[in-house]
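Next come two complexes, and both contain subunit A; in the first it sits with subunit B, in the second with subunit C.
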Partner chain A sequence: MDFTIPQEYEILRKMVHDFVVERLDPISQKVEEEDEIPPEIIKEMAELGFFGLPFPEEYGGGAVSKLGYALFLEELGASSACFSNLIAPHVSLATSSVFIGGTEAQKQKYLPPMCAGEKLGAFALTEPNAGSDAANIETRAEKKGDKWILNGTKNWITNGSIADVVIVYALTDKNLRARGGITAFIVEKGFPGFRVGTVDVKMGLRGSHTAQLLFENCEVPEENVLGEVGMGFLTAMKVLDGGRIGLAAGAVGGAQRLLELSIQWANTRVQFGQPIANNQAIQWMLADMAMEIEAARLMTYKTAWKYDQGLKITRDAAMVKAFASEMACHVADKAVQIHGGIGYMREYPIERAYRDTRILKIYEGTNEIQRMIIARDLLKVGH
Partner chain B sequence: MLNIAVCVKQVPDTEARLSVAADKTRIEEQGISFILNPYDEHAVEEAIRLKEKQGGTVTVFCLGPARAEEAIRTALAMGADKAVHLADAAFGGGDEGTAAAALEKAIAGKSFDLVLAGRLAIDDASGQVGARLAEKLGWPHVTAVTRLAVEGREAVANREIDGGSQVVAVTLPAVITAQRGLNQPRYPKIPDIMKARRKEVAKVTPADLGLSGGEVGGAGAKGKVAGLAPAPGRSAGKVIAGEPADAARKVVGLLRDEAKVI
Partner chain C sequence: MATTHFRACVLAKVVRRTDRMLVTMGEMDASEAEWQLDAGSVAALEWARRFGGAATEITVLSWAPPEQEGLLRQLLAQGAHRLIRITTPLGAEEAADPLVVADGLVQGIRVAGAEAVFCGSRSSDEGRGATGPMVAALLGWPFVEAEAAGGTQTGAAAVTGPAVVSVDPLGPKPGKPNFMAVSRAFKAPVESLEVQVRRPQVQYTGIIPGTERGRGREVLAGTALDEALSLLLVRLRERRVF
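The block that comes next holds the complex of A and B.
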């Protein structure tokens, strides 16, 4: 077993680390207050290739493996979560939908501008009555002449209010549903009948926006059926499998940052005449944080490695998603505890991270759904 | 058209916690990461900018162990075209003289117009290799440059001196070493990091350069590191309370009697 990170990914990691420390960390408090990532920073990230890294060069991507992509999100995840919540849904969910489910013509048309960050993508599956039970979506798509007509509502769509390209999952056959009745559509901003509804007010993730998307007799040309009619659910499940690795990687990076801040604080904060780090109670919290982070990191790398080998990762991806997100919540809670009162204050990044981390157990499939996936596989396979 | 050589070194990460190795002459390399020397990053950036404006090539030269390839590939990802890596174990353990001698053999006679290097490498901070290389090549050199303009066969370089700046004009070919402020090095783009894997990095041995084993590395060095010690830790400061006038008097007293600096 070789744990060496390939040289190009060490270089990639260093670049992202420097970018995080020099460009993102200094503005993260401002982003929190203004609920907006400055456009010039988005442009800079686009120029560096952040929006297309795991896709082939021929489509304008960076040709980075899943492992490389995970290392990238681990570094990016160290800063405010809004940055990875801009990139990951665009890359892991929207652009990946086109790459995994799209026709060659669609890949050639949409991937280059999406990889370049010129067109921002969103992935629209969730609906008011279909969250965990994604196969229960109600958005309908009906063929009228050479067009498809979409009607329905999508909820909590990350980047939905600013996206240029939205991958919309809709019902094309009520009887078939998950077994061939769901189809994905590439909807562009400006298609007649598509509009953005309310932008949500959330617990955290300020700077990242989720919105309701409304389709009212929205007209979609035939060539914008993603791949084939009826293949949507399969595409969505494959996309989400891969996305979970990215979510876990971001969780690891965020938790690592909290560990480092906690070590620094424990070494400098003096109570009872000595640094609080001298107390075993604090030391054990730090040790527990480090153990869980390391376990999640290794699971992330291994799942990414399996993905790169073309192996089936459904169970691994579900395990690492649930494990890493719970790890991140444990670590965030301990980080607040070690910081005491200051950890509860808005002026300090710990409080922000505590709120931002909570979503990890909910989106991209709740952790209960992950356990369902794991258990189903366990009971089928027997080990 | 400018053919530019850039000398780069891989050094411990500025964020790394350094400790002295058991033999007390080297730093402990286990568990620390290495980076492209920050001053060399400025040199690489300047070379790429000159190439972008005037055309030509940028070739990276690096003397260092196998791990130094990461620094080389970083420079290639930033936009250098190809590299020469003096990676043979025999090059190890040398001093500034053997480094400059080996680099001179690698660079001389290849029709380079300009050599760029960092002002110093942050690891042993001797700041000699650029100037020694220029001497060996018989070319003019300007050190610690904060601004560089190349027109035709002339290079005009600004260098910071105490309380001002000095402008030096030299005829190419020349050696220029970079100071902070020369430019803002770019971040390598992700697709370029991946493409840099395919760029040529030639590995050369002392024999390839026409050097004997005795002329390179530890065998050829005129000096060797006899010992390495960490900087002494700072002791806790002293807070002097009281009225400003009294406190100032106490400080002066301590500076005179205790610290013996006035």
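The block that comes next holds the complex of A and C.
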């Protein structure tokens, strides 16, 4: 086994690390207060290629493997979660939907501006009555002439209020549902009958916007059926498999940062005449954090590697998503504990990370759903 | 110099990070220090980019070993077009001789067909600044030292023919590349040029103490043999001794 990170990816990592330290960390508190990522930062991210990293060069992408993309998100995850929450849904979900499920003409039309960050993407699957049970969506699409007419509501769509391109999953045959009755559509901002509803107020992830999207007789041209009619659910599942690696990578990066902050604090905070790092209780918390982070990191890299080899990763992706998100919550909790009172205060990033981390166990498939996927695969395969 | 189809070479060096070296028993230990592109090499690339205009074809020449190729590729990501790594059958110690280094680079410059050469005025490890003058001497080209002034460099603008331009390592650097450029750079081919170089036959007889030095300060100011030799070579060339 060779655990060496290719030099190309080490350079990418350093580039992201420098960007995080020089550009993102200094504005994280401002973003938290204003609930907005400055446009100039988004522009800089686009110029660096953040929006198209894993896609082929012919579509304007960086042609980076899933491992390279995971390393990128790990570094980006070290900063406020809102930044990776802007990039990952765009790349891992929306743009990947076009890349995985789209026709060549759709790839030619949409991928270059999406990779360049000129058009921001969102992935609209979740509905008021269909979260974990994604096959139970109620948004309907009916063919009328050379158009499809969409009606329904999508909830909690990350980037929904600011997206230029939304990949909308809708029911085209209620009898078939997941088995060929769900179709994906490329809906652009400005299509008649499409509008943004309520922008959600969340527990954390300030600076990242989720919103309700409303489709009221929304007209979608025939050529905007993503790939083929009835293939939407399959595309969504493939996309989500890959997306879970990215989520895990971000969780590892965020947890690593919390560990580093906790070590710094433990070495400098003096109580009873000595740094609190001298106490075994603190040392054990740090050790537990490091162990869990390392395990999640290795699972992430291995799953990314399997993806790059073209191997089936459904179980691996579910395992790493559940494990890494729970690890991140454990680490955030210990980081608050080590920091004590200051870890609970708004002016310090630990409190923000504690709130931001909680969503990891919920979105992109709850951890309960991940366990169902893992168990189903175990019982099917037998090991 | 021409502004279209202009061919330039950048002499690139990979060095240990001096700010990360361990000090063991009072001695600097570079063995664990991270490798990086020398700041002068990066500044030289920016000079080459600015000097010749958009149509410039820039070739990077370096003696760096294969394991440092990834660092050199960063120069491709930052605007260079071609990368040639110089190698020699000589052993590492002989290959480190300043004249051997310069000779190998000159052979690379000829392969690249360069009309101008840019290099850092001194590297952050050795710091002698010998390579540029020696390369100029071996090519028979003028050697121009460019200085940073208010963020821009001056000094070579008056050069109208082939020249070796040494630039301040603290001068302007190329902008950060994007991921796509890095990705492309790592897929680009790297050429390897094995050069035949002759080790100079010079007998070392000692250094004249400072108090006894008369004129010829430039040649004798060096306290290291290779520094003195490099300066000597330049001056002999200037006076058309050979």
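Quick note on the criterion: the second predicted complex is superposed on the first by the 383 of 383 C-alpha atoms of A that agree within 3 Å, B and C clash if a C-alpha of one lies under 4 Å from a C-alpha of the other, contacts with A are read in each partner's own complex, and residues count from 1 in each chain.
We take it that a contact is a pair of C-beta atoms (placed from the backbone, for glycine too) under 8 Å apart; a residue touches a chain by one contact, two chains touch by 3 or more.
Given the structure is predicted, the values throughout are model-derived calculations rather than measurements.
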Fit-or-clash call for subunit B and subunit C when the two complexes are aligned on subunit A: clash
Subunit B versus subunit C as contact partner of A:Glu33, first or second or both or neither: neither
Which of subunit B and subunit C A:Ala63 touches, first, second, both or neither: both
Partner chain in contact with A:Glu294 - subunit B first, subunit C second, else both or neither: neither
Contacts of A:Phe50 with subunit B and subunit C, given as first, second, both or neither: both
Intersection of the subunit A residues that touch subunit B with those that touch subunit C: 7-8, 10-12, 15, 18, 47-50, 52-53, 57, 61-64, 72
Residues of subunit A that touch subunit C when the two form their complex: 7-8, 10-12, 15, 18, 47-50, 52-53, 57, 60-64, 72
Residues of subunit C defined as touching subunit A within the complex: 69-71, 73-74, 176-180, 182-184, 186-187
Residue numbers on subunit A that touch subunit B, as the complex places them: 7-8, 10-12, 14-15, 18-19, 47-50, 52-53, 57, 61-64, 72
In the complex with subunit A, residue positions of subunit B that touch it: 33, 35, 69-70, 73-74, 77, 187-197
